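Labels for the chains are A, B, C and D, by order of writing; each one numbers its residues from 1.
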């Protein structure tokens, strides 16, 4: 029995395993990213970075519900100009650093890409559900998605991943637009538009009134999105949404994900990255499989 | 301190409380609906009924996940012709019986409405996420939604509720279409398109491969939909999705729901209807409030 | 809970049409509870547990055929155990099993025996070769067979065999088998005023298996066979649809 | 967990700028843990628990102003308690509190006292009127005050007061106060090789409060003040950003 191989090459990036830190989770500072880099991940993604400093939405900006986290951080970031230092620190960790970026116009994406040095790839956040002008505000329009992706591809010399929102009638249309724009991979999914109300007072809990749902609650939705995108696209799909156990990672890959990202689950468990990649190894080994054998396997089981 | 009043008049239907059995839950037979009618609900909704007998999707058609149920029943029903008997039995229960109906063309809705006798209202299922030609297949198109609603209104002499899908970029557009078509109320939400895969074999678990997610997982999504619809529409909004405790019912009403429906939560607790309406009574009484004081209150707390 | 994987360890041909599949896990169940058995790519159907780690399947269609042809090493998915199971009570017990209806009654017999109950087993089938678990039942009590063709035991239906007993001397009757046989047994117990000393395990078309969808509900009280049952006391069933009609997968009434 | 509703029972004006709000619930916390206090319609901010059922707030901006003006019967939302809290250890204890930093140290002093620790409290403030919990601390040990303006106790910064003790005779130092004061204390302890006998409760900008978002992480190890802290041992902090810079709400570094 040969050992299964966890290391992958994803859009040209070498990663020692397919488990990635999701955007916006402990990705504010270089030091924090470096810490996660040392905890067994295959790659890390930064907090989403824009052209100008943003304070984000007023607090409360996150609340843990029964089945997931509800957040409306509001893309706080110091702008790409201030972020170069953090990026340099993050890169001291021994894994690829993907910079998540946002904007409302293709030029802004180009500006950020030009202004940031050392990113191993960029993830275009076209999917944050609680921003007036960014994220899903642009990511629900296939024309804009294609344009922004194209602009990013033209400017960047590194891979471009496009992160999609599930808050659309048909995520495949958006994935196809990203693919036409030249995306090297799509990432699905960002959080689902949601809200929670405090029954003692009637106030919506989040400072922004509503936000995005992540965690266990959304995993079945993410699995379906990944499944549909895998079937429709020729580029890799990266799965994210509610992965908190190794079984979830396997499920996501069986739906078609080449790699998985983990966000909310770090809330309970800081060592989740190494735990999941080790368990993945054991799972593959016990069945004498390689990653390639499970990615998208659900599609082969189905009489079309 | 006066006693709070739980009874409501909803689109002209008198109900002893605002807690309603959701469509497709124990609504296959008249006897089952009558049993629920006796368990403290304000009204019951039948399984969705079509023009011809449907077997539904192959089993497995439901699986309980950590945070909700995933189902793809596939609208099994014996057609409206066979359902008249069941409806007559259901009406022996002492609460309004709303018949959920589906079709792919406005005429089919009219045909069913004409063919069924004794429904206190009809709920148009324009939202089932796992049917090729029904439900969300029509309910994501505002033009069709308006046409179907209009056809139903023209045919029916009882109120028409339109049940909406969250699987759209903007649920408000669809709610507005229903309202233009003359809907007496909108109901939000049906289940969210989802999927689960068996990691032992790689098979998608549901016979239909994918299905709809209900239960606690989707409540924050439903609350946001109800909130948005309440703000945009002049007709009542009925909230459904993940209500399993009285606090959830209050939250839904604070978001703008005139009444709530409960489906999945019956899985754990058959006495949920009376429990929730009693707790609602206690809550209102302890604060000297009436239902009207909490419906939509979240909107008043917000600096627009 | 997603289906749990169960690997077939052993396959036992019980009768020409009935096969027992022994698997590698023991769902924590009480006699009379069932599991939803997922035959991947084919169907998911309810099956009683015939031992803590087995189901016993009669070939009647696609799913049961595929199950019957399984080999050791094959695997299935199990949801459950679900349903209420039998209430274990009484010292003088009659177990009345028809066909594959013997499956949920076998673990019941074992457990009752452990409680030192005195058990009479009436085992019916079309023909002697189809008598299920004859030997295993005999270990728990005194067994009498009935066959439609008279190839073994009593020649005729099982109620004929019941006639030979002083039914009033029994504390509890446990019954599972074809619907018309169960109705006949119930009617006979009723004549003796014994319906409230009897428990029947019912069959209806299941989709969800957990009491949510409503496809298995029975008239006139809307009881869910999957959740309120599958075991019901006879008095509850007396004025029910049992033996009169059931519903097909669309929900349409089908007369027996 | 959604915010829990807490109704204000009593409001105590501690100093001209500091107010204690006593509420009707007792979050199950250990000293040094904090709650996220939601002032509905205004903001949500972290606050230490100053008693099992209170927070003590210094007026510095919108949220703290609104809190300071609350009346009995008003209510707030609480998420938490969160964070690690102090490790209770040692018999000879020095507590060093500056300004409202006394808040998390008060329940600590009470608990250490219950363990029969011998406690010296060094309490600093700008001016005598701003000395917080002077009397309450005195019940747990021997208290010495320091004021910037010399209006009470030692005239000058708190490290001047520390100088008067044989620091090596203490098992543990517990410190909370303005960042530059904490840095000065840490440096002084370091000179004496005592940094690993000290625990500091830090302040950073919190958004999530539960260790997910990253806004509160400190260099160079990326520790989360909200989850890995807010309490850290001195040796961990020695080569950290403490007293050098922090980050504002956008994540931008702000030098002290």
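Side notes on the structure shown:
The working rule: contacts are C-beta pairs under 8 Å (C-beta built on N, C-alpha and C of every residue); 3 or more make two chains touch, one makes a residue touch a chain.
This structure is a prediction, so every number in the text was calculated from the model and none was measured.
Counted as hops between touching chains, the shortest connection from chain A to chain B is 1. Chain centres here are C-alpha means, and the one lying farthest from chain D is C. Separation between the centroids of chain C and chain D, computed from CA atoms only, is 67 Å. For the pair chain B and chain C, the distance between C-alpha centroids works out to 36 Å. Each chain gets a centre from the mean of its Cα atoms; for chain B and chain D, those two points are 50 Å apart.
Residues of chain D found to touch two or more other chains are 40-41. The set of chain A residues touching two or more other chains comprises 65, 196, 201, 203, 301. Looking at the complex, you find that chain B touches chain C at residues 24-29, 31-36, 47, 53-56, 58-65, 69, 71, 73, 76-79, 82-83, 85-86, 89, 196, 198, 200-201, 203, 205, 207, 263-264, 266-267, 270.
The part of chain D that touches chain A in the complex is made up of residues 1-3, 5, 36, 38, 40-41, 43-45, 75, 77, 79, 206-215, 217-224, 247-253.
Chain contact summary for the complex, chain B toward chain A: residues 65-68, 70, 140, 167-169, 192-197, 199, 201-204, 209-210, 213, 216-221, 223-224, 227, 247, 250-251, 254-255, 294, 297-298, 300-302.
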